[in-house]
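In what follows, a structure is listed as structure tokens, so that the remarks can point back to it.
Order as written gives the chain letters A, B, C, D and E; numbering starts at 1 within each chain.
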Amino acid sequence: MNMRNLFLFALVAALYVGTGFFQSWNLALNILNLGLLSAIMALGVNMQWGYAGLFNTGIMGFAALGGLAVVLVAAPPEPEGWAAGGWGIMTGLAFGIAVIVAATQVYQRMRKGAARNLALLAVITIGFFAYRALFDPSVAAVESVNPATAGNIGGLGLPSILSWPLGGVLAALAAWAIGKVSLGLRSDYLAIATLGIAEIVIIVLKNEDWLARGVKNMIGLPRPWPVPYEVDLQQSAGFLEWAASYGFDPVSASTIVVKILYAMLFAVVLLAVIWLSERALNSPWGRMMRSIRDNEVAAAAMGKDVTRRHLQVFVIGSAVVGFAGAMMTSMDGQLTPGTYNPLRFTFLIWVMVIVGGSGNNWGAVLGGLLIGWLWLIVESVGPGVMSVVTSAMSEGALKSHLIDSAAHMRLLTLGVILLVVLRFSPRGLIPEK
Amino acid sequence: EDAKIGIILGFTGPLESITPSMAASAELAIKEVSDSGKFMGGGTVTSVRADSTCIDASAATAAAERLITVEGVNAIMGADCSGVTGSVLQNVARPNGIGMISPSATSPGLSDAEDDGLFFRTSPSDARQGEVVAEILTDRGVKSIAVSYTNNDYGKGLSDSIAAAFEAKGGKVTANTAHEDGKADYSAEVATLASAGGDVLVVAGYVDQGGKGIIQASLDTGAFDTFYLPDGMYGESLIEAIGSGLDGTYGTIPGTDSEGAAKFAELATAAGFDPTSSFTGESYDAAALMLLAMAAAKSTDSKDWITKVMDVANAPGEKIEPGQLGHALELIAAGTDIDYVGATAVELIGNGESAGSFREFTVTDGAFVTDGFR
Amino acid sequence: MAEPFLIGERMTGGYGAADILHGCTIAVEKGEIAVIVGPNGAGKSTAMKAVFGMLNLRSGHVKLEGEDITALSPQDRVAKGMGFVPQTSNIFTSMTVEENLEMGAFLRRDDISGTMEQIYDLFPILKEKRFQAAGELSGGQRQQVAVGRALMTKPKVLMLDEPTAGVSPIVMDELFDRIIEIARAGISILMVEQNARQALEIADKGYVLVQGANRFTDTGQALMQDPEVRRSFLGG
Amino acid sequence: MDILNAIVAFTNFVFIPATAYGAQLALGALGATLVYGILRFSNFAQGDTMAFGTMATIYGTWGLQAMGVSFGPLPTALLALPFGILVTVGLLLATDFSVYRFYRKQKVAPTILVIVSLGVMFVMNGITRIMIGVEEQNFTDGERFVFTAREFKEWSGLNEGMALKTTQAVTIVTAVLVVAWLFWFLQKTRTGKSMRAFSDNEDLALLSGINPNHVVRVTWILVAILATIAGVLYGLDKSFKPFTYFQLLLPIFAAAVVGGLGNPLGAIAGGFVVAYSEVFVTYAWKKVIGYLVPADMAPDGLAQLMSTDYKLAVSFIILIIVLLFMPTGLFKGKSG
Amino acid sequence: MISVQNLHKKFGAFSAVDGASLEIATGSITGLIGPNGAGKTTLFNVIAGRLPASSGKVFMAGEDITGLPPHELFHKGLLRTFQIAHEFGSMTVRENLMMVPENQAGETLWNTWFSRGRVAEEERRIRDQADEVLDFLTISHLADEKAANISGGQKKLLELGRTMMVDAKIVFLDEVGAGVNRTLLNTIGDAIVRLNKERGYTFCVIEHDMDFIARLCDPVICMAEGKVLAQGTVDEVKNDERVIEAYLGTGLKNKVKSNA
């Protein structure tokens, strides 16, 4: 780390501290938590793009799978729902996987030709209808159990923090499957494929109500250990005493303590991820990855298994994103599939990676913290800019029109700042060495 | 004593076209109270807007965080969409002990959410509307319906309850499928609905979103010519956009046989926004209720005023309509009980949500004509 | 002595902080062939780019027909009648062979079909492959396209960076033959060559460049005879 | 058995709407594919450029309507198009001058340009909304239908109706004309070829005397034309709303990619692939089958492969399958 | 070592390699010449697994290796260079070499995290080796330069250098000489001979510089239009009528350049 980078980090730190002083510490910490989560996701993306040149725009999907893990692990069980068709659904899914395996077997074992195509078609068609016949009734049964408040199979009721690694695992599994299919695609073609797959993940989450209630949302997911609820703190005698001893007001003390606890949890994960990826990057493994990124043909001729390595880094990066996605959902305390939109969960992360400087882990972290801050702060800054602009104007239709449009300054301001930052450092704030 | 109200709605994002009217509506109530000079011994009420984005829970919580910890608001009017509303409630309102009244979060799930008594809504839970819709349809002799709903908790919850209630009454639901708002094209949805057939197409969506697109495409292709419009679909803009094709279509919106709605319409028109835009009445009521509750509690502190919301909203007491907020404050100061009726005839029940009485209307000659109330 | 037709005089400059060229001078007279040889990384290509304005010079200048063109952009130099074949990425890979040639004649407003025929005569294989994407050609064929593209400009001075790298002996001979003819027609040729002996054979003037500076300058024949030049730069 | 009714039902509900939608996507995708093909980056501002162009045209239309000008049975907006295009050209050239030019000089990687275009998108997004607001605008006038479903029923005596909207007809015709012209322009004209050369190898283009500024300028002008036309046609057929235009980005890119990035024919084909796969695969065959089989065999269910909830999923799956077999799209697009 | 049997490679309707059969004897330095577009590079690409064969077979030491992916062939000891240099542009010249050795311990994530010592030691060894190669290629001063920023000829040297980082069985060189200074090329020729003699590498060399071919190669194979045209010692091939007509030509017509 050189002076310039330290300075940049100091600058970002100053932004947060400034928010704390001039706005409120609650807001600053709230943004910080989001910034930390985004930084972790940005690290995941940076592994894929910065190290290996994989243009993954499916971040949203992996983050959502992480969120799903929280539901599966931590949501209270729904024994009724499960009894109504839980096993049926599992059987159906297992059968579905069996059909896919059978189809790939047919494809691999049989000779190319009409016979193979016919066999394939038969397996898939019969398989599909059989699968629907197995799966649909159970789904209907589960979803009809108390649909307004449940209608799903429920979770395991385990501590929420366990869902983080599971989020990573779910995302990794999905990434493996996706990678197997689509990593042969190049650059923007891979991008649109992964973008589409992420949309598919969200569509499934939205429509498979038995899984996590779909668009009806899962709310009230428990917090991860060791984060307490503010209301509980506010009622705990010990805490009240502690707060009083420092002269804090119990409400703000409790809200701040909770946020600091989250921040610490996230920071630990972030540091671990940075440590692992820095070590990996500055090693023969990282060198191999960069060689693949620079020139796949030559890397293959030099004995590097490009496909396998692509898959490896795709899975790892996605797992990191899934991990962060689980962390985010468990902090929010709810899974709302409608929240997942590509702008926020995919392209914003990309902005972080690029503005930070792709190929550089510290860049990704810086980008995550900076853009995360921006994204949330423009909500109040944008309209503020508008009021400054309009303050000089005379009363009239135009002025009132502009004041009404103030909310749209949010994204406009974000865009302008983004362009300014990129102008100031076209290769990212902390470019790859 | 002065009060400050935070208005958190999705000014950008998928609902950006209805939220300005909702905010203006809430501000109208706030201004009315403030200008009356009778709020808590001459206090003024100010408001501050924040953007919930409707879909981005993190942005919404950060914005709410700002309202509470930076702006120091005493109450939150919002949020709009159920998803972010739940998030703001759990992550900001409850921890900080700030009361919130949402004008439009209608998900049934919110009824059971843990809220420490902080959360109210001036719109009915979707579960209730379904009953009414089914009743009206059967009364009109409809045998089969197709349902297209906007794919969120509102649409899904509503369509499920409509379908269940209608089938319970012996009707047939030929199709019950979702449409995503803000998409480019709805041909596939309409094709499927047309194939399914049915006497009436129930469109549980939003008037300026996919719902409109579905109706437009259905009329264009001749798939359906009668539609049922639940609350989200009620709006003059629909008639303007579709024209005479809409004649004969009917539906429901929350409301009672009160003059409140008409009064509100006058006020809104005077203030320069469209009173028929979705959830404007609810927004006015939400803001009015929290201020009246503060007055009744003689405190702007959330933990005090939330205990009074039900009192001012419900009978017994003198009925209060839009435009009478000053009068209401006088009554409260005098210790007289009030029953806030407002623009949408709010009656809060059980968990602090609107009871949901509904106005039934038919589109006749390019206008919404009230048929009756249920 | 009159000014040479094209001269890059005492050029100093490079790509970034460090200079690659150190006061290097390269010139060619009208209708003559000048050849630059030297070890790899000597700065030959850099010197060519400098003459063509694709490099910022810290000092020195470039003159064409007595006029100082140091400040002109590469396109403007093309308009002034200079043509250039770079050493690498010197064809439009996604365009067909014929389109590559057409692009060479982009600034010409006259009928180009005659020139195009001449080029097909010179490189018959290109005619066969005229509708194929140039990126699908073999290494030597690509080189032929690159040279053909430059010839299409009908320039006053033609600059070639290793035109014969990777072309077969028979094509190389054809190419040199053709270069001689072009020179005879009054066009100046400035080229870098690693097939140095063949090139110096036809050169009026030869430059040996080492580490961005002129080491030897003489007629082609004289350089060929110089034992030190032969041993150190021409492979004995 | 009633084949005629079956065909009409299918045409009316599936074929015509999907074709019009496909043409709209195709026009949008043309603009995106052009920027990709020549300036070599995915322009995220495409949807918002369309929105801006449409907005300008709407203002033009209102102006014309205020002056009492109309275009007979066709929408007045078509007359206002040149105005909208002009304003959009201005905006894009100004954007290029103030934003993209800098990065081009720096020769930054395409991904950086993508992110830059994201910034531009935010700004345009704000400008449009501040100027015309976020509400829906209907600016279609003139004759709404070429023929309506009812007219068709009466005319043919069939059970099923079939409708063709003026806007659908205009869209399809325009799409065909525009792509033919664009293809000719890029393949055959000097400027078109120089644009392709520029995108292939910028340095070498300089060496051939091609003026890069000219190429870039022409590209943006073309993009402005295409985006405005696409946006206006879409707005005429459906309606104008900034948010929807922003959402169009995804299907537009899907179309450009599946057709082969940088290839105008591909953009057209891609538009139709995306549109058809959205509409066809989730189509409920109940009605059509009902006409084709004896009454007692008519299906109870919807006879649907997948619910329409999954229409986007299906179209993406088809897209991915196409890419697996043709990794650079239907028409061999650019990559890298 | 390598046996190619009736190999075809079609691009659409065009046969770039059209039924070529040839043998590369173990321990030989086989020259491969032929006019531009004869199919030499395509042949290499098929043998090295870069392109699939349309039909025909390739054997290496008796084993059928047709269609094996390049990285597997590398592990079998088959190395190649590229006619158009394929450097790793954003990596330094030294890194370009250091990435080559196979099965480096540090290429496993686990080791990069938890066996730093072992990785570091191995790195030192590979680094020394890379520096030796750079020295030999006369480009040690460029060791820390980004490979994108070196001259065209230097990139060709780097191509060659990569093959010197591991113990190969057979090395395919595709015009390493094009663009390389002739004096340096002689040194490279010497090195090839040394590797061949001392380490037993087999070479197959495409080159258009007949002097270079003559110095090193026996036998020489001449290809034309995708087929083997002639085969034998340098002298036999050089004097073959068909080779002269298709490939060598008869020298400059304008022998003496006279100024008009």
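Rule of thumb we're sticking to: a residue touches a chain if its C-beta (ideal position, glycine included) is under 8 Å from a C-beta of that chain, and two chains touch if they have at least 3 such contacts.
These figures come from a predicted structure and were not determined experimentally.
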> Both chain B and chain C are touched by which chains?
Replying inline: D
> Would you say A-B or C-D is joined by more C-beta pairs in contact?
Replying inline: A-B
> Between chain A and chain C, what's the gap in Å when you average each chain's C-alpha atoms?
Replying inline: 54
>> What's the distance between the Cα centroids of chain C and chain E, rounded to whole Å?
In response: 27
>> Nearest whole angstrom, what separates the Cα centre of chain A from the Cα centre of chain E?
In response: 46
>> As a quick test, compute the distance in whole Å between the mean CA positions of chain A and chain D.
In response: 30
> What parts of chain D, by residue number, touch at least two of the other chains?
Replying inline: 129, 133-134, 307, 309, 312
> For each chain, which other chains does it touch, given as pairs?
Replying inline: A-B, A-D, A-E, B-D, C-D, C-E
>> Per the contact definition, I'd like the list of chain B residues that touch chain D in the complex.
In response: 13-14, 16-17, 20, 151, 175, 177-180, 182-185, 187-192, 194-197, 208, 212-213, 216-217, 220-223, 237, 240-241
> Considering the complex alone, what residue numbers of chain A touch chain B?
Replying inline: 23-27, 30-31, 34, 147-149, 206-207, 209, 214-217, 219-220, 229-231, 234, 251-252, 254-255, 258, 328, 331-334, 336, 338-339, 341, 344, 375-376, 379-380, 383, 404, 407-408, 410-411
>> Quick check on the complex: what are the chain A residues that touch chain E?
In response: 276, 279-280, 283-288, 290-291, 293-295, 297-306, 312, 316, 432
> Given the complex with chain E, which residues does chain C contribute to the contact?
Replying inline: 15, 31-33, 38-41, 44-45, 87-88, 125, 136-141, 143-144, 162, 165-174, 176-177, 180-181, 183-184, 194-197, 201-202, 204, 231-236
> Can you list the chain C residues touching chain D in their complex?
Replying inline: 52, 54, 73-75, 78-79, 83-84, 86, 89-95, 99, 102-104, 106-107, 149, 153
